[in-house]
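This report concerns only the one structure given below.
In order of appearance the chains are A, B, C and D, and numbering begins at 1 in each one.
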Amino acid sequence: MILTDSLLDFFVETRKHSEDICSPLEIEDYVVQPIVDVSPPKWHLGHTTWFFEEFILRRHGKDYQVFNEDFSFVFNSYYETVGKRVVRSDRGNLSRPSVQKVYEYRSYVTDAIRRLFEENQDQELLAVLEIGIHHEKQHQELLLTDIKYILGNNPLLPNYSDRYDEYPVESHSEDWIAMEEGIYEIGHRSTDFCYDNELGHHKVYLHPYRISNKLATNHDFIDFIEADGYRRFDLWHAEGWDWVQQQGITSPLYWHQIEGEWHYYTLQGLTTVRSAAPVTHISYFEAFAFAQWKGCRLPTEFEWEAAQQYFNWGSRWEWTESAYLPYPNYRKADGALGEYNGKFMVNQKVLRGSSVATPIKHSRPTYRNFFQPNLRWQFTGLRLVQS
Amino acid sequence: MILTDSLLDFFVETRKHSEDICSPLEIEDYVVQPIVDVSPPKWHLGHTTWFFEEFILRRHGKDYQVFNEDFSFVFNSYYETVGKRVVRSDRGNLSRPSVQKVYEYRSYVTDAIRRLFEENQDQELLAVLEIGIHHEKQHQELLLTDIKYILGNNPLLPNYSDRYDEYPVESHSEDWIAMEEGIYEIGHRSTDFCYDNELGHHKVYLHPYRISNKLATNHDFIDFIEADGYRRFDLWHAEGWDWVQQQGITSPLYWHQIEGEWHYYTLQGLTTVRSAAPVTHISYFEAFAFAQWKGCRLPTEFEWEAAQQYFNWGSRWEWTESAYLPYPNYRKADGALGEYNGKFMVNQKVLRGSSVATPIKHSRPTYRNFFQPNLRWQFTGLRLVQS
Amino acid sequence: MILTDSLLDFFVETRKHSEDICSPLEIEDYVVQPIVDVSPPKWHLGHTTWFFEEFILRRHGKDYQVFNEDFSFVFNSYYETVGKRVVRSDRGNLSRPSVQKVYEYRSYVTDAIRRLFEENQDQELLAVLEIGIHHEKQHQELLLTDIKYILGNNPLLPNYSDRYDEYPVESHSEDWIAMEEGIYEIGHRSTDFCYDNELGHHKVYLHPYRISNKLATNHDFIDFIEADGYRRFDLWHAEGWDWVQQQGITSPLYWHQIEGEWHYYTLQGLTTVRSAAPVTHISYFEAFAFAQWKGCRLPTEFEWEAAQQYFNWGSRWEWTESAYLPYPNYRKADGALGEYNGKFMVNQKVLRGSSVATPIKHSRPTYRNFFQPNLRWQFTGLRLVQS
Amino acid sequence: MILTDSLLDFFVETRKHSEDICSPLEIEDYVVQPIVDVSPPKWHLGHTTWFFEEFILRRHGKDYQVFNEDFSFVFNSYYETVGKRVVRSDRGNLSRPSVQKVYEYRSYVTDAIRRLFEENQDQELLAVLEIGIHHEKQHQELLLTDIKYILGNNPLLPNYSDRYDEYPVESHSEDWIAMEEGIYEIGHRSTDFCYDNELGHHKVYLHPYRISNKLATNHDFIDFIEADGYRRFDLWHAEGWDWVQQQGITSPLYWHQIEGEWHYYTLQGLTTVRSAAPVTHISYFEAFAFAQWKGCRLPTEFEWEAAQQYFNWGSRWEWTESAYLPYPNYRKADGALGEYNGKFMVNQKVLRGSSVATPIKHSRPTYRNFFQPNLRWQFTGLRLVQS
């Protein structure tokens, strides 16, 4: 049973957090979209608002007046069920609605939701509200990584703020956790919130493996670079090798070699690479090639979930060897919310864990994140397995 | 001989005019670049400023301190001679420098130019200043048409301001001016300012032709549409036909058919098409096909120049049949300023006249504008010739 | 222990079979490459020959004279280890070497291999020979499907030969085989030949499922088409839906609707669709959408392997839900032969079974075929699972 | 008045010459299309035949039976008026009709034309026959240059035949012909055959210029290369410079530097560059940059035509500075034949003269050839002008 009061608190706190993330920005920073994978910050602010308007207020809000009919066209992301939308690659071409108008839209919808739930205790509707809150939290992580891309892609390499320590060092020494052969249980089981892709709690059979208690570090990765890792085709998937060649990849994203020393862009601007910190902003292709070079491999998502209790995680999303596929008995939700997860279950890789950019109350051992294998703008990292 | 005082007045007035054009904008409108041909308004403001800094202050400014070394990278347009530049398609990906910073840059450079010329009467340097002023005027026209594109491409179709009447009607009736066979003189001759591409005053031999004293109207163009002009391949160049097919072109740019009636986006928002006004926002391909359909043709730029004294012009840039080529004895300037015109003399068409967006003191009978034959976001139109 | 004599017989028979497949062709048919996935028949003939020359004769052939040094450049497919190669999309641009020269190359290498192995009993070398034979068999299937594409893409829709019945009907009625929950053993175990991707014999835990004893038919698929299956985005992956929209897909490959009736191109030319035969030439995206529409799903490759003994298979490669990934303990071979399988283990789907185009001695229950999810020119089909 | 007998002889001789050009080819060489600008030889053989069938036999042949209805789909080039066609980039994907079938098609149509004209003296029809003959002659030049591309693009660099001397030296010393200012007459005037684009005989006014009596040589061009001509952006058009950068152009087409010495592919295979021979296989962009580097320019087509009587020409098509535009009073023909020239009059450059590949009776002082400015596979060259 979902309690209205605490959920409304959670809602308000979540709404506020999105705006906190944007508070260091100039207005101009809200607007641009340097690559198709990144969305303009004002789009995130509008889209997470549109979600509440579309799935709750329009359908269940008594006498609710839509803020602006055109916004559903602008802020729909990929829900084909609910009408037309601005194609993803065009988001950065829209100067209007203005940032101020988007904030007005946010207040308007936040207030309407509060009013609606002050008198509505319907459990099904509360469940949609809960999804909407988690949906906004999910976008908070993208919001921050998109901001990093927008600023880190700018030749002026501006400072964002001093809030985040993106490169916390894991100070313990490396150890290999031995896991036994056998049947393990996988997937979400409690009554707490989770996404549909975590359901279908089920069993898998795992063969013996040893998993590192430590993420691969920048130091390790510099070794890989210096050992010509980006030039040895035998370490790469064919598709990964094409990507390296065509994009001219020679280091993780945001890295610049200046007078022989490795630097990277951080949310505080350009700085020298912190050698002991976990490597990040690497693609699956790079994670795989690195593991090959080490004579190891990446864990499957099942191996990760089975072992995660024995190590600390949370600063990097960790690439796994698993493709993003439905669990046995996976059922997608009816209607537009059914478009949330299932339709992406092809040609993507699962990431497990969470990252320095993940908002609080948005990580758990069964959470399945997923991206195409070439993407690098999230705080991605890797953990090795031996077998 | 160039007089310093009047040129400095002209300079200050020109600098102010660019900012006046932008005054109705939201900050967000300064940033975006929906298509590669359009530049963000803040880029125009910065680039016209960089031109004065690069070609005057850096080279001749005593003790001049460059405002920000990185700006030459950001605001160089295509001058290969003076270092690297942000590729054109990336201009809309830069949120920084902020709009406010660009305005500070403008003031800084404007002031430095004033100080420099208060004590400098060097004729050669004044000539560069004069080019810089005309360069900025040229960008003022682009600034306005780029703003129109940015707003007209937005699904909210916002109003810019009520300043411009884009669709002034030519109320006189159509007449055909008969021009005699013979030798005509072409090109700039006075000591007033002109661009290098107007020089090489020379003779051409023209055969008899009759040129309309009136631009083609929206009414005429609706007839063309209704006569299936966009579906009759025989009216088009092969390359034009490919463009029509691939882009799905069925009307001039900014036109929308709503419930059977033609509307277009103007700087005041969406409105019904003013039937008697000259058609605009058409490509050369469309101008040519329309002329074919009428059993006429477009004038060459020489025919236009020889006859222009007999009709009024100035509300539309007029497509000509002429390719943009050097005049006999054309000499390009030395150094970076030599990149101004000559290097574009291939695969472009000449336009003659000027438009509702042309700033004052920036039109003359010998002015040669030029664009690729598929472009439509300028206030382009057409005038027919019979022969 | 590999017996030389029987392996040599197998070798000779395999070499001959490739040429038999080509015997109905015109010389022109050997040369073209209408899409990048298809290779010209003469390229297959040359490449399978080059494999023996490169990996056996060049390295172990006493006094072996390479037939033509340039051929390794022309006929290498993707082995980065062994030097440069003609990029895949350029294979159809090469008129030379001529078809006759390629046949001479085949004879020359076949003879050299025979001579070498008449006196060589080295087990390691025999193992490479065995791989080469299976490699050629693998190309025989591609050879036939590439020929079908070359002819079926031609507006004249020519007949190839009457040898193949591509559409054998499964005449039994549909039944659902119930499989119990539990641990199953997966992968190759005998000493017979298999590819490295089948090794790493291991256990998986399966949950209960019911699998059809019959492939989906053309009749079923026409129902899907008529139920607007190609227009209902909710049935498709996001990536599949983009593919349908961009490619304008409305039916399986080779299907043409003529005067209201479905026809397809077969190796005997154009004919009406045989309604009761298993559907083929569909992508994974289509197989998935069809299963969604039926309220079923596709089997995983493990479910297929566990149940395959209870149904007949062999006329269609069957799409599974499984991504192509390494088995636990997968080890890729050293050197160039290590490039055979492992480097493709990303963004591909596993197919199980075999097809009407599979040569004899080239199918087994553990065989893992794999293709990108949008490809359709193989004899692909689907089998449903309920759970 | 056109005389039937001599025209029929010309017809037969022309038909035979196309086949003579192909006689050294392997069947495979007839089929491929390595770049979109090149057509497979069998396509040229079929298309020139289809022209006679479509424009003469189908319309005027009594009881004429079309050879194969599908051929008009396969062999139409760009005549939108006469139905669908295989898109240009797909010509190399068609293995059928076979080469033998195309030769049968040729005989069939050649015979039908002979029979038709043995009893038909209609002047209008004879005029179409004459166009058809010249059309085939025009394709003979393309046929030869396409063959050169097909073989020269092949890594085996095969010999075609010893028939052609592609590199005849102009042994006279360079001299500059001074041309006086004044009115010159341009265009075709006699009753002999010409294309519609040569008509509209008219006057032009030329300013004084001096034109070289000699084509630029390979020796000159090597000097340009060694003077870093391909690396000095100031010599190039902006569009030309992009082309050089994107395509990595560093020398004329077919040139290879081997151990410090320049070689090129010729129809006899690879050989060292003949230094004194006229340079060829250069684009307009290269011709322009070379002229800039020499402090000269290219002639306009009018300057070329006015002066051509004072120098020898005929081994190289000569790039001019003129864009391909209609002459005053140009009228395109009615119907499908009107598509012959007019629809290409945008974004192309005029070439004058003829080349070593031009068949006899296919060159005259008024002939206007035209290509996009980046194309190089014709035997193009350049002649300098000073002014």
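Before moving on, here are some points about what is shown:
Here is the rule we go by: a contact is a pair of C-beta atoms (placed from the backbone, for glycine too) under 8 Å apart; a residue touches a chain by one contact, two chains touch by 3 or more.
For reference, the UniProt names are A, B, C, D = Ergothioneine biosynthesis protein EgtB.
These numbers were taken from a predicted model, which means no experiment stands behind them.
With centres defined by CA atoms alone, the chain at the far end from subunit A is D. With centres defined as mean CA coordinates, subunit D is found 57 Å away from subunit A. Averaging Cα coordinates per chain places subunit B and subunit D 37 Å apart.
Chains touching one another, given as pairs, are A-B, A-C, B-D, C-D.
If you check the complex, the residues on subunit C that touch subunit D are 26-34, 42, 70, 73-74, 86, 90, 92-99, 150-151, 153-156, 158.
The touching residues of subunit C, counted against subunit A in their complex, run 78, 80-81, 183, 202-205, 207, 209, 233-234, 236-241, 284-285, 288, 297, 321-323, 325-326, 328-329, 338-339, 343-347, 349, 373, 387.
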